[in-house]
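In what follows, chain A forms one complex with chain B and a second complex with chain C.
This part shows the complex of A and B:
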């Protein structure tokens, strides 16, 4: 009896405790999520929260499986040369315009798209049809990319989407995204997201530490410091590829032995260990190892002896020039290291200080796709490599990548993750594998 | 060059050399004085540079000491000394360099590997040679992403456990460094950084920034780098000579003795050049005036010296032309010139006296010769006359019957001899009355051929025939001459040649066109003449023949000289004789009348 009573007491205690705990972690409605970025606030469409305003036709899960988003089903014909997507009913843009095949076609054709995988897109009844002369087996996966998010301009010229937040105001260098009450994805917990731009990393970190910001940026090279400072971090998969693109038409590198010598001279480990503080991964492959599993097949270790040997086989090579994307200081540092590594192999590389054509270009691309074939197409498109889309098959992608890299016109160096730090008041923030906040079910602890 | 010109040249040279020597010496002394001043100034600047160098080195060292004592560096040192990862301090050097105002800063591990580099952050992990701690400050060429730079460096080691962290900091040797030298006004200080690819203009900087014409410094820089010691030269940054600088190049070497930079201290030469220009202007003025003075002096002196000499020369030419009555007046000449004039006058007067005596003597001799010839010529016909008359007298006495016959015969003989006497007298008369040539255009070759044809029969019909050969030039010009007189002269020569060849032989007449004359050679292969005979051959009444008047060749010479020409003879005894006649192409001004 006493034992039974004790068990009942214990069970009620557990129930009460769990009820209390549930009450403490239950999402709260309201509040404003304060996000800070280094870029100007007007460039909010490149921020991690952009996909809270827009939707794409499809989405990828972490395994690369294509899931419905604005499109609820799709079908292919003519050996994947023609794809038809049927739309989710009842979806409206933030200005009240119903989502239709016509608005989707209008969105996808609003800007010239030379790198788009399709040849044409048009309306077919309630569906949207994509057509191409070559097969597009990976089209549903590619359409999940944020580049193909569905947008339109309202009567005021503001850009609107179908996501749970809408663009509201722009004042004092801050953008406000307001929650959409009747969003097809359900109303978010928070009332708004305030995006403050032009904040240095140090300021962002200071703000998040003193509670003036809820979400701040953490570049990959600062991740370790953020960890050492015990910041709350959300880290994506390795999605950013840093690579050197070699202009094979440039007379200085027309000899493939020089390109190979340059690739062999590069000490990726030093960059990984020192510049990125062991965050991400060294790679000689176009796609991250977590996605393909075959990165190891592309040796990333330097071979200075072989590089020197190849270099010595070329008489009086011309000086190479090296440029980097924008004013990225990390890329600039890496470029300087590339110059040093190349010099060790006897190759003269001069970093360009002003924009202009260069023999080598150090660039950082973001690969969103979790589908191997789509990721390959996306990466090669961004790197300017001309390839035929591979079959949606790991082996086919591997061989195609092998063929591409054998030309030594693209030299992958590192894959790095994306990360954000958030304040203790923010709950249920999730970072998708590509480093973006795609789900709006986060909430703020002190919201009233 | 006459005496006046020589005197002028000598005086001018003397003045120029004297003025130039003075100007040169003054200029040299001035330049030496300026050079000494430049040298002192440059030495002062170099000393100042070294002082600044040491001061800056000390300052860098002090900054490194302060840095070493800072919390940040202690933390890094401790962490690295206790197994911390160097990669965590990649940007540390940049932050510290900014904080402590250094252009260069590297944190080196015990093994010399770079932990962090402010000047080239990407060089992490690369190894540097460990600095020599005994040196307080040193120069070093630092590799940078965009080339290289030269800096003044100092080192500060920091111990932590068994490990040592080296702080290697420095300041760039650049325009600011040069400005800190506080050079005197006008002094140009230029710094050249030794680059990797030879001389590059952008590697030359001055206190005011980039140098306008850096390539002008290149030869001096190269010389200083080659000799590895201070060298001086004049550098002209612009085309204006006054902008030139007396520049001293001082090679700056790193710890291993490699020239990493060259300091150039330029002292303006404007003052010196202005002074030199002034000296040159004064020298030129003085020289010019001196030359004018020399001209005047030489004119005055030559007026006194050369006028009598010129007169003497003119008088000498007149004497040479045959006018021996000329005299010179010494005017204002004195001394040797006056003596010379008097001697000249004495000489001409003596010459005239001697000539007169000679003429008198020759005249007497000529008369004697004439008398002898006349006696000889007249004696021959007179003897038959005497015999004939004596025969007539004797025939009248002894053979009165045959007297008439003898008389007629004797009369004929007498008339013949008298005729002979008349002929002799006519010849002498002819010689004394040689006519003046009547000039007309004459083709010499035709004249020669006519003479040859006239004598052709006589030459062949001799016991021992004589051959006549003619070598006549085809380009012979027509000359002004008297054909009859020339015909007579040439005939005389042909007859003379015939007389010289009793045993036969040949007569050759050649004609040539010469530059100003036409030459006629009449050569025989006769007995020839001796040298003495040749000399007297044209003397009237001189003959080598048994029955000659001695007037033939005299007439020939008279004809030729009347034409303004000349006649000569060349002969070798036993071989033959050649008469050479040169007749002028044009009528001489003083020649025969047309």
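This part shows the complex of A and C:
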């Protein structure tokens, strides 16, 4: 599902290369960008693809700087415990409803939000106010996350947003997003995006090669193969973290020495070389090095001797169980190697073949933020770790991460990039630094 | 020599004519020559204080490694600055076997700037200090998406149009050769600047065409040749270097081929020797892309199109419609091993982007490397690992020579 979103996200661009505005060929208007995904097309709304249809209050640029989006300015009081956001005037939802403080509060409170960084959100005149008992120094950055995109339901019950595309139709396994002529972010060049779901990777690659699709998926583990097949590729920075989450309440790992022994037994380089064909980076840090600059300070090399030593200090350890996200075959492959690595240290890990509680869970998360502190909050939330938001200070984030990882309840393994392949008729497709899409500047060669 | 800008070249280790890496290094030195050691004093002070807070006074062994875009030439200065500040904080530096503490400093970077990380090890315990450091200098930060980074290194500038330039190594001496319409000029490095050794005038009876072009190439049995429309100059094989010129319509070297230049115009005729099969359409610049049993040539035709030929078929590259007229191949260890550096179409400020051609379609592999002014010449360097770009600084009224290299990875 995340990949579904990602593909549509890929069908957008940022203004990174505006220096070519005086190039001979100007973008052309019209046409339909055809996107294919493995996931069911109807699930596009639950992922970052929404940022083609929806907007957040803020956005992050590629250096992590917070920029206005639906909010044009903000300030904080009470040591960042109270934040007030003022809205961009003249913005309307796709059904014509004006954007207001009330619609924003309605959107942000429509679903229970236990992981939200704020305690309450309410209208204050023309502004929106967030309040919390603890400081929220990263709130403007966190509000850029697609999870906090502003949505509402129209009279028919359909979800509408304020972005440059609106949901149009869903038929025969494909959804269509139509360009919004009067979008406050300017009308896209293409008339529509057609997302066709439930397409195998093999079919997608065939379709893009014969001109039946414009954008198709390239999982990180297939990236090398796509390069060898000379596909036109766009690759993001390393934004997907694969990690093991350990349930410290499970009797099998209540002794932290066993958790540490397991972590020290893991051969990340083998996973990197074999499973991912050297795409991405090995990591023992929660955040990628391009974002923090410090990930190497967390040693990622295995230490089997120390792992065995720690294991030997524990009498009669119980068997651990290991589950993976969904039916992800790559994670399954990685799980097999985790079992072998653990066995080398004398630790017995049994993969679960059916859903159920497990000691260890191998998971893949996407870190969307380009702000270090916000990314830390996002990653820990997704991994189920309870932390307090760090100060907007690199050293503070590092030490908070160090404290968290010292518990050995989360074992980061790899960071991998996101990638798409695209057809020659598609121009100016660009991925933002987090592998997502913030603008819709793509255009088609054969458009009139 | 007066009136010229310069930088400090470095010694190379072999005796053939070469270029690339030398200019990259020398250019980096030039950039940071403006940033004195005091540039690093402030972050060194902060880091040393953090280290001292962890280690306390005593003895320590220090290592400094660089994983950032800070030029290696700056690392000794950074180390000295950290050492000085550690001493100020009561930490005496010793060898590893005589020190109670080991301090491993890594110069890293992230999206916002540089990051200095100190691992302070006492016994088996390692504690870490981190400080962000504002990025200075003109090293181009990585842009998202594309996988390679283009870096430009200033080499030289003069008031008259530079057609091409190169560093050569003759015996134990390093020289900068600068080709313009009037002279082949030799400059000697004096550590911090270039000093003119000799300017060899280029005598020609026919008038040059408008939009004068020229290039330098490795000589067969001598140091270098210079080619201009209707004129060719050759150097001596050894020092003292001399240069003699003669009128000639000899084809200009272009990678493994020689290309006939239209001496009345500003482009190549398309005729290649020994040839790749069918002649090319007339072109401004061309780049060869080695394949297993042939070479694919990609070139900017005089009709404004970008075309490619495998010797049998010539086709228009429609996706290259925003390319300018100047392209140059660079051979290195990145990606597929050959990138085509491409100028931008249009007027005013210019830029270079790197493309690879896995099959027949160019694929963008770098972000744009911006220039504030138009590029007037772009050639593959003599050792083919970098490109020589000349920019007309219309504000300063001078022509600036840059070496452009491709850095692998993001």
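Keep in mind that, in the parts below, the second predicted complex is superposed on the first by the 420 of 448 C-alpha atoms of A that agree within 3 Å, B and C clash if a C-alpha of one lies under 4 Å from a C-alpha of the other, contacts with A are read in each partner's own complex, and residues count from 1 in each chain.
Assume a residue touches a chain if its C-beta (ideal position, glycine included) is under 8 Å from a C-beta of that chain, and two chains touch if they have at least 3 such contacts.
The structure displayed is predicted, hence computed values, not measured ones.
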Superposed partners chain B and chain C on chain A - clash or fit: fit
Superposed model, chain A: greater residue contact from chain B or chain C: C
Touching partner for A:445 - first (chain B), second (chain C), both, neither: second
Contacts of A:277 with chain B and chain C, given as first, second, both or neither: first
CA minimum distance (chain B, chain C), superposed complexes, angstrom: 16
Touch list for chain B against partner chain A, complex: 86-88, 90, 120-126, 145-146
Complex interface listing, chain C residues touching chain A: 50, 67-68, 106, 108-112, 114-115, 117, 119, 128-132, 142-145, 147, 304, 318-319, 321-322, 344-349, 351, 358-359, 361, 363, 367-368, 370, 410
Interfacial residue positions of chain A with respect to chain B in the complex: 224, 270, 273-275, 277-278, 333-337, 339-340, 351, 353
List of chain A residues in touch with chain C within their complex: 16-17, 19-20, 22-25, 62-64, 227, 230, 232-237, 289-294, 296-297, 370, 372, 394-395, 398-399, 402, 424, 427, 430-433, 445
